[in-house]
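Chains: A, B, C and D, in written order; residue numbering restarts at 1 for each.
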Amino acid sequence: MKRIENFKSIIDKYNVIFFDAFGVLKTHQGLMPGIERTFAYLEAQKKEYYIVTNDASRSPLQLAQSYHNKGLMAITPDRIVSSGMLTKEYLDLKVDHGIVAYLGTPESSHYIESPGCHTMPVSEVNASNMDKVSALIFLDDEGFSWFEDINKAVNILRKRNIPVIVANTDHAYPLSANDVSIAIGSIASMVENIVGKNFIRFGKPDSQMFMFAYDLIRERRPISKNEIVMVGDTLQTDILGGNKFGLDTVLVLSGNTLPHNAETRIAATGIVPTYICDNAVVELGEFGF
Amino acid sequence: MKRIENFKSIIDKYNVIFFDAFGVLKTHQGLMPGIERTFAYLEAQKKEYYIVTNDASRSPLQLAQSYHNKGLMAITPDRIVSSGMLTKEYLDLKVDHGIVAYLGTPESSHYIESPGCHTMPVSEVNASNMDKVSALIFLDDEGFSWFEDINKAVNILRKRNIPVIVANTDHAYPLSANDVSIAIGSIASMVENIVGKNFIRFGKPDSQMFMFAYDLIRERRPISKNEIVMVGDTLQTDILGGNKFGLDTVLVLSGNTLPHNAETRIAATGIVPTYICDNAVVELGEFGF
Amino acid sequence: MKRIENFKSIIDKYNVIFFDAFGVLKTHQGLMPGIERTFAYLEAQKKEYYIVTNDASRSPLQLAQSYHNKGLMAITPDRIVSSGMLTKEYLDLKVDHGIVAYLGTPESSHYIESPGCHTMPVSEVNASNMDKVSALIFLDDEGFSWFEDINKAVNILRKRNIPVIVANTDHAYPLSANDVSIAIGSIASMVENIVGKNFIRFGKPDSQMFMFAYDLIRERRPISKNEIVMVGDTLQTDILGGNKFGLDTVLVLSGNTLPHNAETRIAATGIVPTYICDNAVVELGEFGF
Amino acid sequence: MKRIENFKSIIDKYNVIFFDAFGVLKTHQGLMPGIERTFAYLEAQKKEYYIVTNDASRSPLQLAQSYHNKGLMAITPDRIVSSGMLTKEYLDLKVDHGIVAYLGTPESSHYIESPGCHTMPVSEVNASNMDKVSALIFLDDEGFSWFEDINKAVNILRKRNIPVIVANTDHAYPLSANDVSIAIGSIASMVENIVGKNFIRFGKPDSQMFMFAYDLIRERRPISKNEIVMVGDTLQTDILGGNKFGLDTVLVLSGNTLPHNAETRIAATGIVPTYICDNAVVELGEFGF
């Protein structure tokens, strides 16, 4: 584990950079200040980069649009690998008919539509269509009535033995400087304990996220894992997952892991990044700005 | 483990009977048919009995009243031991000032009021009174907005290092013949995982429930554990808890554990009741009816 | 939570003191230096005291003898409440015939002998006597071959649906200044996961330990929980268990919880003692020494 | 889920077959009777096949040799994907110096030797070389003293913050018709709980196993996931992992999952295979035998 002063020197060592989104590129207030310089430098150096994110609330197109709206044009849909995309791939491969019931916003559900099936909010499942439900997806924590619809999801799963996908494994996410919000991953774990069945989870630290991004590169050119570095703010997802997949890893201290207790958290969890860096920002003056 | 045909013969063997409530004395539709004969027989034989229930939604007085309303007058408040009463005892002993915030119905909170504190729904906690919150209680699954107030409970517990009581450890409860409802115990476990702290749980199988009932008897006369039998429909709470406390136990098949898979469930869990009986009803004709 | 400079002032506030053993009265090297003054003061003030310990490796008589051998005569067998004694009580109440198989030293097993049963090391169970095994006890981490006998315990429990008692819930214990040893509680949890059954655990933080000590007092005189304080070095057992039982609690920093991270650990676990004190020693000069 | 009478018809539907080893190709007594016909048919039909196995006790060369010794020549080292190979890949990518300490047989350790490091049994780690230990591997349940070396592993991990690899995630494995043996995966979970750190696990159901086999095919030709079927006897590893990776799956009833309770287990776990088949054997007479 090595303390690195400037993030630019990490970019210089690798050909491909995987970035986590929240706590690295953006905060609850908007873009991480200065992050546009990082992408300008990446483009100038002709480095490849991907956003690898536990987010199923929107399609890659919508996610990219949200960066464009904030002024960061470098992040295009083909650069984004989300746990929602793995959910979509699973449905394409394994579910070819019936109703895919989901907890999440209606908008979040459109992009997971798969040939032969149609998506339906859990709230619309009832005695007459229950038999046609062929999968249930935990997509997002918003867009439904928690009391009504989480209870309904439990009762659907007691009656129907169908695959259940958790499209975002996070337990909570930051809402403001002081508050967090319960993520759909926590709700899914609660329901899993009640019904006693095994759900399928997509999202870091699981290898399938990293493999998906890795494959996007391999489709165009040969690549070796030691050309890639994973940059993230969370030990349990970004760093553990990156390490396990065989990548070098950078823990940045601009999000979940705070500067004053990073060392303590690393010692307590046994999750050791290759490097620690304050943030993923290329500093002013480092590169002709 | 012994299959018993008539419940009356179990009453004849013991001086004190502990009953679980749901699935034993009542169902989602009302009283268990014929259960009034069991209590008539207990009274006639001068046997002692207690209701030992994971229920914090109402005071003993209100719980007894709900039996009276259905026509069962034998169950008086002094016969009821609930996980809510243990919560009240904890607050009396350990919390002597400030606000006791709770998730549950307003009515459920009155009876846990303790000298020096006052109870307040989580929804009313805000930046100005947050510092005065001295305990948080998971009381019941109704009476609050799940989305708003469970999220608020998480954020209170991230800011205040206070005791947290789970007043009902059940994960789910039957709502109708086919559906269950998520119980406050499941919600508490989800929040505990998110905030990473140790909550205090009252309710079977924990020994403190049995001890509380045991002490009620001892206050009036000497008693030995082998004079008591625990009657319940749930292996993981009634039978495991009764066994561990050193009591003989009866599994009845009128609730959670179904006749066709009772043996399988006992083998799978390793929780072995002393007796199995169809229900806790004294049959017509067995006793002068 | 209040920082207390001298332990003597805590004794002055309560009528009964419950002590944990390891990290409070003794260390891996012998008695805690000066602890004899604490007991001299307790005797002089006519305070009651009990040792409440997760230890099933020896009988109360043998445990008391070990203190006498080190020069502390105040700790007599009737002052000791151990998780082994709860195991013995369970067997007396619930197991009246057959073989009680155990993992532990032969000496540790004698005192749990119960009328009608006899104890036998797991190593001596074989195809010819397997059918007579009526309970299995995880007593101690020594006195058997881990490879042979833990594997045999798994296979006994796959064939026999019998109660399983974990007589010591600790996960590890200190062996020297730098090293720990795996405790029988960890081995039991591993076996429980493999066989998928519910074991019965005795030992702090479970209430039954505290109740047993509480009952010893009540047999002689009326007592209220607020006359008692629990003194221990471990948040997850001594302090959590004491708090839950409704007692005031003192965390001492002479064992498992180290002075430099006590506050961090309390914040992380949410387990808050009533007091924190360096150790349980009455200082020289405080009381006529 | 579809009941299939003859395994041959499954081969006919796919281009690539992934097989689990234990309970599918072999039992504790040797090869599954008739399994040689399956491989003769696969060769005749020019189908590809791979053995995907949670086994780190031997190198692919040694594993293939064990099939040859039993007379099954079709299984060559390049057909085998084991969790041990993923461990070797991890070490090659992430550990470039120092001592790789392991629990397992000395023979099992040779094939994970990585440039710059050397492997050493945990028993040989001591105060003088402790500082050079750069990784610890849970390889196999044999070849070491459980009491001495599991305890030593705990103490190494309390002193050194290094990556820990669990090279076989199984909890137990069959030893004979009636007995199982605790696998290294269970021992690793016990140690992980004691030291409180996050270990890295390779082995089904984790996707990395399937990806490794998938990549072996892709190196030679284009392949789509729907050309592949995974055949296994265990719901929690073979079927869950295969499903999650997006493959069709066949549950065979010749190993862990028994014919009389397969339906119950599928309903209880929610892990639904695409097909159920008695075994993976092409029947006599089905194909010119």
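As a working rule, a residue touches a chain if its C-beta (ideal position, glycine included) is under 8 Å from a C-beta of that chain, and two chains touch if they have at least 3 such contacts.
These numbers were taken from a predicted model, which means no experiment stands behind them.
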Worksheet, complete the sentence: Label-sorted list of chains bordering both subunit A and subunit B is none
Worksheet item: Just curious, how far off is subunit C from subunit B if you go by their C-alpha centres, in Å?
Response: 28
Discussion item. Between subunit A and subunit C, what distance separates the C-alpha centroids? Give it in angstrom.
Written reply: 45
Worksheet item: Could you say which residues in subunit B touch two or more other chains, in rising order?
Response: none
Practice prompt. Specify the contact topology among the chains shown, as one of line, ring, star, complete or other.
Written response: ring
Worksheet, complete the sentence: Listed in rising order, the residues of subunit D that touch subunit C in the complex are 145-147, 150-151, 154-155, 158-159, 171-172, 178-182, 186-187, 189-190, 193-194
Discussion item. Show me the residue ranges of subunit B that touch subunit C in the complex, using the header's touch definition.
Written reply: 89-90, 93-94, 157, 161-164, 195-200, 206-208, 211, 225-226, 236, 240, 243-247, 266-272
